Structure formats: C-alpha cells, structure tokens
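Below: the structure, in structure tokens.
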C-alpha cells in the first residue's frame, strides 16, 4: 500500500489526466475522488478512458467535503480557478501535501488577483515549476504547492533563461499562444462544441484581458530582476490538447542565435522534461501529447531585432496534471519522474 | 457564352478553389485547365469536389504550354512561387487579363526577391488588394495583377488603417499567424500527412525566415510612409483552411480602443468583404471558410502599450482564389462581388 | 422584392445553413428569424458567419409565435424533432409554403412515431426527396413538405434504385453511417464538446434504437413494394459536417457490379445533385461539404453476396437545409437549383 | 541491462509507437533501429516525440541488413506487408524471438495470400491475439509470432465470443470499420495529406477488396468451427489513431442482449485489456488512444434480427505495437502487461 491520494475536481479534464497518471504511479493510491456536480457518479461513467484503470474503475465521485478529504497523504485540487481556496482553508492544519492545479495560490499581488480573477486573495504558495532556477529546492520541503498555469508554464520555460542571462529586454514582451480546447475546461458551452471548434482557430480574451498575464509577468519579473510587461494573445486551436507558445522579446544589441541557444542549453542540460530541439527544428504540440515534456526552439531575428522562442507542451501534462505530479514527487521525496511519461503519443 | 478563362496550376488547392468559384460565375467560362504534373488527368479525378461542376466536370488537365493558354480572355496563374514568371513571359503581348496568384510579381525590391525566393526577379505588377486605399482604382485598368499572399492579406487588412491613421508605430510590429494546412500546398510530404498535422500546432520558418515577410513590410511601409520592420512567426494549425493573424504594434501615446475602431470603421465602412466585428467579439476562421470575407477585431492593450489586431480569412478565399477573382471582376468591369460568397460555411 | 421567408429554429445549425443559402438566393428574402431560447439576440451574434450577410446581418431573433410567422410566403421550420408540429398547427389555413426540416411530419405510421419519438403523431406531409421516382411531381403542388432526415436521405439515395430494379433483397439491409457532429445539434452537452469529439469515432443509439430507422424502412419499403428490415448503426465522426453512409443488401443471384451501376445511372442520369462516381472511386464527405450534392459508389461483393453502396452528403446540405430549399424551389415554381451549390468546399 | 531489441521499419507509425512503449519498458533495451529509406537519420529527427526518450534519443536509423539484426534477443518487424518475409528468412535459425507486425505470416491459405497480397506465401506463424481462447498458451512457447492486423483484432475481439457460444450465424457477417489515418501508413501520398483527410470520412477498398478480409474469416472461422463469410467496408476517419468497428451477425432464434453480454463477460472476465462497457454505453476510440485496451459493447437488435457489436481500439496500440509487445511479454515469460498502458489518453 502506497500513500493515499484524494483528487478534487476529478470530473474535469485536468482531474481526468491526473487520474490517468496516478493509475500507473507505483507509490500513490487514489482512494477518494470528488466533484461537486457529479457526486454519486461512477468515475468511469464520467471518464470512459478510465473504464479499466487499475485501482480506479471502482471509485465513485463524492462531494468535495472536508470529511471526504481528511486523512489522505496527498490532496490534489483540480478545480476551476477561484474554487480551490475554500477547500484549501478546510485543509488548514492538515499535514497532507496539497497541490493546487488552480490559480488561487499563484499570485503574490492581491490587487492583481482581484482585478483579474475577482474575489479575495487566498495567499501565495510555493510555485511549482521545478525547472526554474532555485525552484526545485524550494519544493522539496513544501507542503503546499501552487502548480503553474498552462500558458505561464510554456512562456516561462521559453523566456526565463534568456531573461536570466540578460540577452533580451524585459519590457515589451509579446506572446501569442495557441491552446487545445481542453484548456477551456469541460463545462458545456456552445462555443466549445466540436462543431464550432473543428476547423477553427479563434482568438479570445485578447488585448490584455487574459488572467494568466500577471502570472507570466510575476514569474518572468522575478527571473529578470526587473518588471516585465507583456502583451498576451491566447488562441483556441482545433485539437484536444497542446499549447504552442510563441514569445518574442527585444534582443540586446549584438545577441546571436548561438548565444540564445547556449543559454537554453545551460539552463536545461540536466532536465529530463525540457528539451531544446536541434537547430532548425521547430516544436509541434503533437510530439508532447500525453507527456510531461516541453520542446523548445529559439532564434535571433536580427532583422526585426527580436528573439523568437516557441515552446510546445501538453496543456494537461506539463501544463497541469503532469507538472502537479512532478511537484508532488519532489515534495514527497520520490524520484522526480515517477509515473511521468517523457515521450508524447504521436501521431 | 461569357469570357473564356484558363487556369494554370489547376491541380493545386488554390486552383481547385478558383475553379469552384468560377463554376458558379455567370460571366466567366473556364475552357482550359493546366497542370504540368497531371496533364491528361480528368479534372474531377484530381478534384473530387468538382465531380458534377457545371462546365468543368468534362475538362481534362493539360500541360502548361503557350499554345494551351493562347486566346483566352483571362488567365489565372495558380502555381507555386517561382513558376509563374516563366508562364507570364510567354503571355507577353497578349491582351488577356493575367492574374498571378503566386509571389513572382509582388515584390518591387529585386534584392529581397532574390534573398527570400531565389532566382531572377520577374518585375512588379499592380498589387491586387482592392481594399487598400487607392488600390481599387489602380486595378480597374490593369491587365496584369499580382494577387497578394495569404498571410500578407490578413496582416495588411488589419494594420493598414492603423498605420495610415498614425495610431501605431511602424517599427517593431510583431505578427503571429496560424494557417490551415492547405496553405502549405498539395505536394505529398510526410510532414503534411493528416496523421502528422491533426492534433498539432507547429511553428515553421520562424525567426524571420518566411518569404512573406518582405511583402508585408512593403505593403505596410507604403501605407505608413515609413519603413516597417516586422517579426513574423507562421504556425501550421490542424484545419484545412483559414488564417488567424494576430498583429501587434506599439501604440502612439494615449491612443484608445475607440480610436483604433474608428480608424477601422472609416477604412472599411463601404467594403462588402471586410467586416469589423462588434466590440468584444474576436474573429474565428470558421466563420470565413469558403468565403471571400475578412473578419477583424482590434483593441488597445494600454498595459502592454500595444494595439492588438486579429484578422480571420480563408487562406484559399480572400487569401488566394477569392481575391484573385475579385481583382479580375474589377479589371473586367464586372460587379466586384460577382461569384464571390460573403458568408462562410460554418459550422 | 422577392418572396418573404420566415425561418424558425434559426439559431441552430440547420437554420444557420439555411440562412447562408438564402442570403444568396435571388428570389427569397428572409424577413423573420425566430428561436425561442435566443429571442432578442442579433442574428450575427449567434451565427458569426452571417456577420456581413446581405439582408440578414441586421435581423434580430424573435420568439416563435404565430404573430411573427404570419404573412410570409414561405416558412421553414428548422427545429428539433417534436417541436415543429405545434408551430405547423398554428399555420393551419395559411397559404404559405411550409417546409419542415424536422421529423414531425415524415412518418405515416402513428405507432412508429410514438415508439421512436414519443408524443402524438402530427400527420404526414409529402416527403421532400425530389430524386425519388415520382416524388418531384408530388412536390410541385405541395404547400406542406416534410424534408427527409439526414441519414435517411443518404440511405434512400443509395438503395432506392437497387430495390426498385429488383437487384437486391429488401430484407436484412445493414447500414452503418458516420455523421459529422453538427448532426447532433447545437445544444451544449459535454459529450459534444470539441475536446471529446476530436480524435474520436463513437457509436451511439446502436442496436436498433435510432429514430431514423422507421423513416428509412418506410421510404425504401415504398420503393421496393415490400417491407424492408434494416439494421442501422450511427457513428459520430470528428468533423463538423458530412455523412458517409455504407449500406449493404443481399444480392439477388447473379447480379453484377455492372448491373448495379446501370441501375444507378438510369436513376440519376438527369439529376444535377446526385452523382455516381467513376468505377473505383469511393465517396468522401469532404467533396460535398457546403453543397447540395450527393456522391455515390456501388459494387457487388460476390464473395459475401452483398451489394455495397456508399453515399456521401453534407448532412446540413442535401441532408437538411439544401434539400429543404430544393423542395421549396420546386413547390414555388422556381428553377430547382436556384441558390444551391453543386460543388463542395474542399479541401 | 535487459534483453536487447531490434526494430525494423522503425521510421513508420507502428515502429514509432513500439519505440514509445519500449522506451518505458523495464526489461527490454532497444539497441538497433532500422529503416531502409531513412538509414543514417537520427531517430528523433524522424520521430520528434522521441526527442528525449531515455535510451532512444541517441540512436541512428540503420539499413535493414542481416548484420544489423543479428545478436538481439528480440526482433520486431514493423514493415509494410510483403516486406517482412524476406527479413524473417534472414533470421532463420536465429534463437531470437521474432514478432512480425506485418501480414506476411498470418494467413494459412497460400491462395488467399496470393490473391489479396500477391507474391509468394511465406508460411504461417502462431497468431498473436492472446485473448482468443487457447491462444495465450500457444504463444508462451513461440519464437515466431504473427501479430494480427488492426481491423482483424477489433473484429475478432467483438465476434469471437458470440460465434464460440453459438449465438450468431457464421455466414453473412457485415463489418464496417472506421480507422484513423495512421492505419494507412506514413508514406507521402496526396490522398493522405491533412488537407484532404480533415473534415472527411472516406470509404476505400470497399466491395470485398480489402486484404484483411481473409484474415478475419480465418480467425472467426476457427472459432466458429465453420466457414465465415464476411462483407467488410473500411473507412478512413479524420483522426490520427483509433478503430471503431461495427460488426453485425444474424442472431440465432430467440437470442437476447443479456445472452450476448453474458458470453462477452465470460470470455473477458479475466482480461485486463478487453472491457465490456456497462449496458447502454457505446465505445469511443478516444478512450483507448495510446493504450493497449479494447472497449466493447453488444446488443441484440431483434427487429432487424442481428447482433450489433462495436469495438474501439487504438490501431497502433492493441491493433499493432501494443499487441506485439503483449505477445513478446508472454513469449519471454514476463508479466503480460509490462510496459502496456491500460488507460487511454483522453481527451
């Protein structure tokens, strides 16, 4: 018998992916799954891919109540943003490791929380992006972890090494990132119907409105040691999973592609889940689907005076469930890659 | 009997779309279709959607020879870039209206042609983007027209009014545009197989390498009256058709969303094929599929200091065949919208 | 000013497609659009593809009330099955042409209506499949028309000529048909989210449960002059539009592919919208998308003793809105193909 | 150090999937990968999803020569049908376990091989479908295994228990199965381009022409103890992976859904990779993507007199690479599920 795990928000896409990963994890045993709106439903009726999952196929979704969550070694909160703070408060004093896949404990600036998300600020937990310099050590002793957003993960992995090395300017960063539709969640909305999204790339929350903007600026600002301002345009792409983030930043004078690549290589040489592709190969989301991997490429466009970084991840993998599990492995003292695929399911 | 039309490159996607439109055009009769590599093949064997097309289903593809093209009222050149110049030379002296859907006659700077496309520069023809200020009149008397590229159409429609009105800076424009796979042409390549592209958003020719960059800079520079520098990242998206272009430019001090919208409205108030969406509605490629329409939205992101413009078109419609036919209608003195759908095929 | 048209259920997919076609129809002017749940919404806010549709973009959805529908020359009912009967009753005595895209007036057997759809049987209207032998004439004088279902259209077009010619047995017909997701309607359901349907072919209502089964048996039984029994399995396929129906029936002794093809050719030689493909070419839904066309192929599998017929249509075109408009053209004495595309939007 | 493995045809989709699975297999070490046409290419340049695969990312594709294959404990042949027999002959006398993912060693009837595949018959190896009654034991001692085709796997799993229990007739079986595009292989053909396949369901090799027909009849005939005749129509569906097979067979008099389900449950009660879904839940390919699982449902359509069975698998998983690895595990005496995911990657 391994450590016991509860997953809240288990009926959603991040929850479903986390359960897929946990089904194959040798040290963690899922004993409780909760989902307010689906309480009483067999797990496999909600998630057909779990129909034969060892240890999971007999579970029934329960309400997200303190009594249900008590007594587990690990609790993953996989709920829509704004909902995990209340559950986290119920777990105050618990010795369980709590990993929040939602946004509630990511931002340190209460004012930004209020203006982008609304409601009271719940406080700040250690940020679960292990590949950021210094971050892995901070996670080893954490009992509360705020897993990053999907877009911020892709943007931070791409730009952090360049900002840390002083190769690009922190101001006037421009990001356009295309996400698969699972990033929009599993609630039934006409705009997310297959009939609407297939054959369509669609912009949304453009012009500075997306709530991940302050998270990106916070993470990159800490790395740069200076305020970062960033224009962010998210796109919905006709695929279930994946993020392809294109980030550009103004090059410092004379910086070359070779220097940009060297900074990337130095940052990620020892990282199993972050791979700088060979020169000339640009990332594709398909290669990372179902995995916890990020694929990167970078070039100096000297004509335009910008560094161009593209990063591919699975928004449900390195962008959500995979990363949350990676953080949990670290905090639990397990081998960091336990239960985490490196290889994407392609084609 | 209407005017006679020949289409070269008829076996490709732009050619196939042009033939679809021409099948319903009341004044133009396609009498010749050519495609070097498929000569001898019945047209409908190459394009199953034309199986019952009135006037087309009996045609057989022929070689792209001068004798085949002679004697038509209109010749559309729908070949890969670098191939139309030779055919155009064979038509020298012909009184036919010749519309080139390829790149060969778009750039005025021979050096840029050579560095981005290679080979000799074929000269410059009137640029077939009727909605650009002053351009429609130039096309009325033209007998040779260079139809714009798909990406440049989407970017020019979005940024030209803002640059013309002096609301944004001409330098440091950043464009990220996602294209459907038909934009990559119809040649059999492993990287374009359905198994590879479905489920995948992929960057390509990033870092300043894409050949449409100088065309965008040329068009926008003329509008702005100043050199434009532009960082361009193209993405391949898992859909057959459509471009969603996100263009950002540095806002002049104090410029508001209302001012940006007013400039757009002034530019396109009388344009049937270009529509500024209501405030808050962001474009989706699906709404323009199969049509000659462009849908636009713009906002001032004052936090980041950038105007954000997104434009949706059908890369084969307003981005290629539709636009070429619109130009032909103008040059032939026909009603401009003849045979051109305004409404996209959605869902 | 042409004839005035009202469309109920205008916020759905069939309604949206009908409006796309009507926007380009030279004799019909849409003056009223209704949708119970969206009353008060601008039409283009519900259907972005109609953003610039001539004559439509200023319309606002209204409630489906008798007062709204009174006084039109043509009324199209594009509502979910079970809802049009009540509206039809409100139009009793009206001289308007009423075309019902729903199922309410298709079945002649009240018992089958009750067992497959539930509720009271609303009666039977002339069946709007003009290519069935004798059916076109019946439609010329009709003022009420029941447009066929999408699946029944594809199956009837494929099997009727073979049954009429006595080349196959009427018993033990087996049909498996894959539909695009728009066939499942536009209501917000988790199972129809893009994230769920992309990458997925899914069976549903299999084992004899689908409500289109009695409609198929009724139509084919009338053609065969004998009861037809049919096993029907519908599949949901990851595309917005299209039906690919595979129908097999037991071959009469000695029947050859040539005989099957000859029967098809005889039936459809003069039909603009039904095309038997050249031998060896199998239909693809993509070639019919956005059109009113059906593409057919047939072969005798003498090893298995079955005729195999595959038919591709656009479920929203020949399977719904296109066919309804074709019927209206006939009943109004207009050229039958007015406003109806023959060529699909491919790729 | 585990057992050493060579994979031929490593540049294809089945090869790529096999390598993904092997990368996570604790007992098997891939030391050689071959692909005639790509010899000299780094493996990760051909398969971007393997960019960071432990133990694989440094491999380079080599020619498929006897010297390259000699000395391995296990050799997987993942080549197009007709190509593995020659390689198998080179391995004659080798003590290696050889698993052929191709068709060359599946058929026992030389005449059927010649008429469906052409060329000389290579002989028959034990058939690698462990869930067929008695088959697992036969595989334990095998050193040569013919892994089944993707379509035959889905059809055999669905119909074998019903035929074995005598609940359906062996004659006049009708199968329609939709496959993702990876089933068509990775060669560059225009008809397989993303632009062609997205938005399209397409029939192919219908009318009895598909080469998997005799394999299905052979497997089912052995189970039934009587000749099986089967009409098979394959469809290409717009998704990279997955097969949804609908098989119908004539019900013996009085047979009920409950009896059909009982036969299925009895056959698969102890099978980890084959799951009969709860009554009323129909399979979807998405739930099995990336896994070695098969999901089944069955119903008695008493009106039509047929049993309807639908089966979902991943054509590259249980339909190819997963099954081959499962067979290898059995023959090597390893736990059968080693390295094989039970849970699909959904959404």
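Think of it as A, B, C and D in the order they're written, each chain with its own count starting at 1.
In this section, contacts are C-beta pairs under 8 Å (C-beta built on N, C-alpha and C of every residue); 3 or more make two chains touch, one makes a residue touch a chain.
By chain, UniProt protein names: A, B, C, D = N-acetyl-gamma-glutamyl-phosphate reductase.
Predicted, not measured: the structure shown is a model, and the values here were computed from it.
**Student:** So which chains count as neighbours of both subunit A and subunit D?
**Tutor:** Common contact partners of subunit A and subunit D, which must touch each of the two, are B, C.
**Student:** Suppose chain centres are the mean of their C-alpha atoms. Which chain sits farthest from subunit B?
**Tutor:** D
**Student:** Express in whole angstrom the distance between the two chain centres, defined as the mean CA positions of subunit B and subunit D.
**Tutor:** 44
**Student:** Centroid from C-alpha atoms only, then distance subunit C to subunit D, rounded to Å. What do you get?
**Tutor:** One centre to the other, that is 37 Å.
**Student:** What residues in subunit D touch two or more of the other chains?
**Tutor:** Only 13, 181-182, 193, 195-196, 198-199, 238-241, 284, 286, 289, 347 qualify.
**Student:** Which of the residues in subunit B end up touching subunit A in this complex?
**Tutor:** Against subunit A, subunit B makes touches at 172, 174, 176, 178, 193, 195-196, 198-204, 206-208, 213, 229-233, 235, 237-242, 244, 246, 248, 250, 257, 282-286, 289, 297, 299-306, 308, 310, 312, 347.
**Student:** Give every residue of subunit A touching subunit C within the complex, in rising order.
**Tutor:** Residues in contact with subunit C: 13, 180-182, 184, 186-190, 192-199, 238-240.
**Student:** Touching residues of subunit C toward subunit B in the complex: what are they?
**Tutor:** Subunit C reaches subunit B through residues 13, 16, 20, 23-24, 45, 47-54, 181-182, 198-199, 240-241, 272-273, 275, 277-278, 281, 284, 286-291, 293, 295, 341-347.
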